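Below, chain A partners chain B and then partners chain C, in two separate complexes.
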Partner chain A sequence: MGGFYGAVVTRGFRRYATYRSATAAGVVTNSVFGLIIAYSYIALWDQRPHLGGYSEPQALTYVWVGQAMLAVMALMGGGFEDELMDRIRSGDIAVDLMRPADLQTWWLSADLGRAAFQLLGRGVAPMVCGALLFDLALPSAPGTWLLFLVSVALGVVVSFGLRFLVALSAFWLLDGVGATQMAMLAGLFFSGMLLPLNVFPGGLGEVARALPWSAMLQVPADVLLGRHRGTGALAALAFQAGWAVLLLAAGRQLQGVAARRVVVQGG
Partner chain B sequence: MSTTAGTAPVIELDGVEKVFDVRRKTGTLRRTRTRVRAVDGISFTVPRGEVVGYIGPNGAGKSTTVKMLTGILNPSAGRIRIDGIDPTRERTRLARRIGVVFGQRTTLWWDLPLRDSYELVRRMYRVPDAVYARNLDTCVELLDLGPLLEVPVRQLSLGQRMRGDIAAALLHDPEVLYLDEPTIGLDVVSKSRVRDFLRGFNAERGTTILLTTHDLTDIESLCRRVMVIDHGRLVYDGGLDGLHASGESERTLIADFARELPPIDLPGARCVGVDGPRQSFAFPAGRSAAPLVAALAADHPLVDLSIREPAIEDVISRMYGATS
Partner chain C sequence: MAELTPGEVAAALPAAAGRPEHQEPRWQPAEAMRAYALIVRMWVRSTMAYRTSFVLTALGNLAATGLDFLTIVLMFAHIHALGGFTLPEVALLYGATSTSFGIADLTLGSMDRLGRRVRDGTLDVLLLRPAPVLAQVAADRFALRRLGRITQGVLVLGWALLRVDVRWSPVNVALVPVMLVSGAVIFGAVYVAGAAFQFLAQDAAEVQSSVTYGGNTMLQYPPGIFARDLVRGVTFVVPLAFVNWLPALHVLGRPDPLGLPGWLDFASPAVALLCCLPAAAAWRAGLRAYRSTGS
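On to the complex of A and B.
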């Protein structure tokens, strides 16, 4: 059981590790964007201190966590989904379906390997860059960092669950570009990448915080900032786990429907 | 291991049908539903260890049949058993017992060296170490993969990739091997290498092989039995000779002479074309070309000659015309 999927995780990690120049370019981009957003936030928090309940150092920490999570959560694409949609469109998916392996677990393993690499390759460097240039509100308790890592892992599974559903739409739509772009736009806003979801008042804020995308940035960032403590932290992780389970179950259902009704392209 | 051909069937199909509902746009908003019977009542059995050619024109239902045999499409009616397993119900268990090779798709990981791809296959199929080592050794030796093991799949030529793919499909000791146009696009040397390997592997291990192809030479060198499918129906099931006879197919001998000659009356063939110094002769596909060549060379200034084999589509379409 673990043998094959474990090997796929390792391969996913190694595969992204070979793209060294892409990783370096990504780190530079994340750092530059981090700088731009950080100065925008400083301007905003000067006018409205404690917006969304964040102090200025907390808000800046939020910015750099966001940059660190951008690639990990594949918020701007770059995960497995393009490849899976290509395989569906070309009919190569038929080969995968003839394997004694579960499609969803297979791609999840590959994506976990990718995310693990990007946490190290694309996550750590921008975070260090932010910490050197700004006064950040980073926790000193190792327990908080551990909770943060668990929260990131759950966020990656939620992110996978959403992208797997989007990718499977290619069985029906053939051209999945529209679906991918819609999902990306929704992800950028509802994950809290543009502004923390806590800033949004009233009904919109409530809804945004309850959607699965908030598990990808808002929740991990708040866990790191210590806004969820004790049972609150567990509730936050349970919120993520709940969405993860729900989305994986939905993906499994959709995979079953797709496999049953599929008229595999060509060949 | 000895060949056990002729014993219990490993592939069984009984009245298998596959009907697709195809929706087609017939106006800006109007759509009509048409039912397409891709496979229309096919029954056959294949005994263990046999190599069978499964041929037919494009769109005849070959791929649909193979997809049902591997469990990725459900039959609309009828019964399928592969080694006693119902493909749709136990697709994963079946997947461990079959190997699949597609000429036009790779089952390998394009960015990985062959050896790493094989490692993943080993884990996916949970192949015991001893079995894996033995099969890999056999394939590396007979398919000459030694120098290629460390090369990423994307850098392999088509012929090399094909050999790599065949090895990947055999590492887990499959009972049944499906080959979908395994020699398409290969050069003559690569083709014969693939055929030699498959013939030897079948003789030694007794793996049942179902081969889909448009290349008559594949069938001739590998299969004693041929099944022809057209419009979703089995229109022929028997030996290769019978296929040529029932298809009334002909080979063509094209001869170039030193100068223009009147049409030559050649016993056992008929002149079907004269184009300057070139003349073409048609003769039954079951007959040898040697006596014709000898006769031409003895009496005429022969410069060059070639033989055109009957295209399998021609054989099939002529045969289908005769049976319907």
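On to the complex of A and C.
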């Protein structure tokens, strides 16, 4: 069966790779926002050097990692969840549940393919743009980059886990717009997209760093910046893996409940 | 039929198009406004059929757009001034651009759907209706929930006006509403020009967002923190600096980083009107060059 889901991953990749001009347009948007946010961070770090333990080049690197991760982690939507919710609302989900493929694994595979393309298509170019315009603190050790890739992959699974739960809420709510919107707000705020979580004041920062959303940006960025070394890096990856397993298990439970007791809407 | 452009189809149907054959569409502002109001009223009624959903999405819009301000507030947890501006001063910049952008977003924000209509061919339907296409596209799927952004902008602006340390001379008082209206018109011109560009590049909606949403984000911060070339770009190329920076700097009694002549602080209404000319020309050129996908 590994070959089957592998094929779904490939198709997920190719599906998003089809829209080249949309990808180029997305890169422009990421770069423009990266530029604007970078200047606001420079003004902030100018006043408070070493804020949150970051030097200015590290803070700027954080900005561009954030822009690179925006599409990969589907922080502002654009993942599979709208499609799945549509299928739940229209009743097409009944057909999906009868297929000889597991619903969660199917969508996870498709989303991994999407994320892999977004990493190449929407992640690399803004990073290069940022590195050309600003003095960034990028690591030279290949091992750090490898750890970063593992951390990104784990972050994508956490992101999927959360979005799968949101999508399944459509079994009960039918209209998932509200749930999607709440999830997006929480994601933007608690992932560290607005400001690094170690800049959040006091208790709010501590809570935010323990929540699953931090696995989507804060942890991968800190891994790339070399703030987790040796066993610290393993602990960071274990934190992500823990949330990934927990969320996937919760999704599986919810999928079971939904399939058993919810009457599918006729179309 | 296949080799006819929709423009030719419309011209061949004078009764339906409501104008004589082979004649350039005349500029009919009253007619356009009437059509716009009619379509908007229809979408508002449709929205109000699901009242709870409307309230929730409007609140969501308010919260989502408020995240930007939350970022600024979190920054000020660590500092007293950003680029030399206090929190109420940054809030004045923020509130002004958010309100202006909110008005443009509410009235013309649906125009970024034009690319999709070109791609799937549904624009042809709009060409056949006896109403100006621009009014139809602008009112298409009018999203009342965007009131959330305006509300949020007005709240921040109101707070800023109460807290900011300014001598309220008659000129400064008058400059605030002038700034809001001119800003809305400038952003509106960007929306129309962006929509015209989508006739050429149907997937370019996101490039347009980088100017509109990105511009709005940039204007929320003091101009002094950005590179001079970037500030020159949004002053002379896409004149977004006239949305809030120049008039607000005058109100706050601060010099602008480019050292521009003082009278430019009052030039926003003129710049706004000037922006409409290239936007209108681009729209007409785009519409004339449009060829249907045929599907």
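Operating definition for what follows: the second predicted complex is superposed on the first by the 266 of 267 C-alpha atoms of A that agree within 3 Å, B and C clash if a C-alpha of one lies under 4 Å from a C-alpha of the other, contacts with A are read in each partner's own complex, and residues count from 1 in each chain.
Assume a contact is a pair of C-beta atoms (placed from the backbone, for glycine too) under 8 Å apart; a residue touches a chain by one contact, two chains touch by 3 or more.
Since the model is a prediction, treat every value here as computed from it, not as a measurement.
Chemist: Label the relationship between chain B and chain C on chain A in the superposed model as either fit or clash.
Modeler: Aligned through their shared chain, the two binders fit side by side on chain A.
Chemist: If you stack the two complexes on chain A, which partner ends up touching A:Phe189: first (chain B), second (chain C), both, or neither?
Modeler: So A:Phe189 only meets chain C here.
Chemist: State whether chain B or chain C is in contact with more residues of chain A in the superposed arrangement.
Modeler: C
Chemist: In degrees, to the nearest 10, note the angle that opens at the C-alpha centre of chain A toward the centres of chain B and chain C.
Modeler: Approximately 90 degrees at the chain A centre.
Chemist: Between chain B (first) and chain C (second), which, if any, makes contact with A:Val245: first, second, both or neither?
Modeler: Neither chain B nor chain C is touched by A:Val245.
Chemist: Where does A:Pro100 make contact in the superposed view: on chain B (first), on chain C (second), on both, or on neither?
Modeler: first
Chemist: Applying the document's definition of touch, where does A:Phe200 land relative to chain B and chain C: first, second, both, or neither?
Modeler: second
Chemist: Based on the superposed arrangement, let me know which partner A:Tyr19 touches: chain B (first), chain C (second), both, or neither?
Modeler: second
Chemist: Quick check: superposed on A, how many Å separate the nearest Cα atoms of chain B and chain C?
Modeler: Shortest inter-chain C-alpha distance (chain B to chain C): 11 Å.
Chemist: Which bits of chain C are touching chain A when the two form their complex?
Modeler: Per the touch definition, chain C meets chain A at residues 53, 56-57, 60, 63-64, 67, 70-71, 74-75, 77-79, 81-83, 201-207, 209-211, 214, 217-218, 221-222, 225-227, 230.
Chemist: Looking at the complex, which residues from chain B come into contact with chain A?
Modeler: Interface residues on chain B, with respect to chain A: 20, 63, 67, 70-74, 91-93, 95-96, 98, 100, 102, 104-107, 109, 111-112, 116, 119-120, 123-126, 180.
Chemist: Which positions of chain A touch chain C when the two form their complex?
Modeler: 19, 21-22, 25-26, 28-29, 32-33, 35-37, 39-40, 42-44, 47-48, 51, 175, 177-178, 181-182, 184-185, 188-189, 194-195, 199-201
Chemist: Would you tell me which residues of chain A are touching chain B in their complex?
Modeler: 3-4, 7-8, 11, 15, 90-92, 94-95, 97-102, 259-260, 262-264, 267
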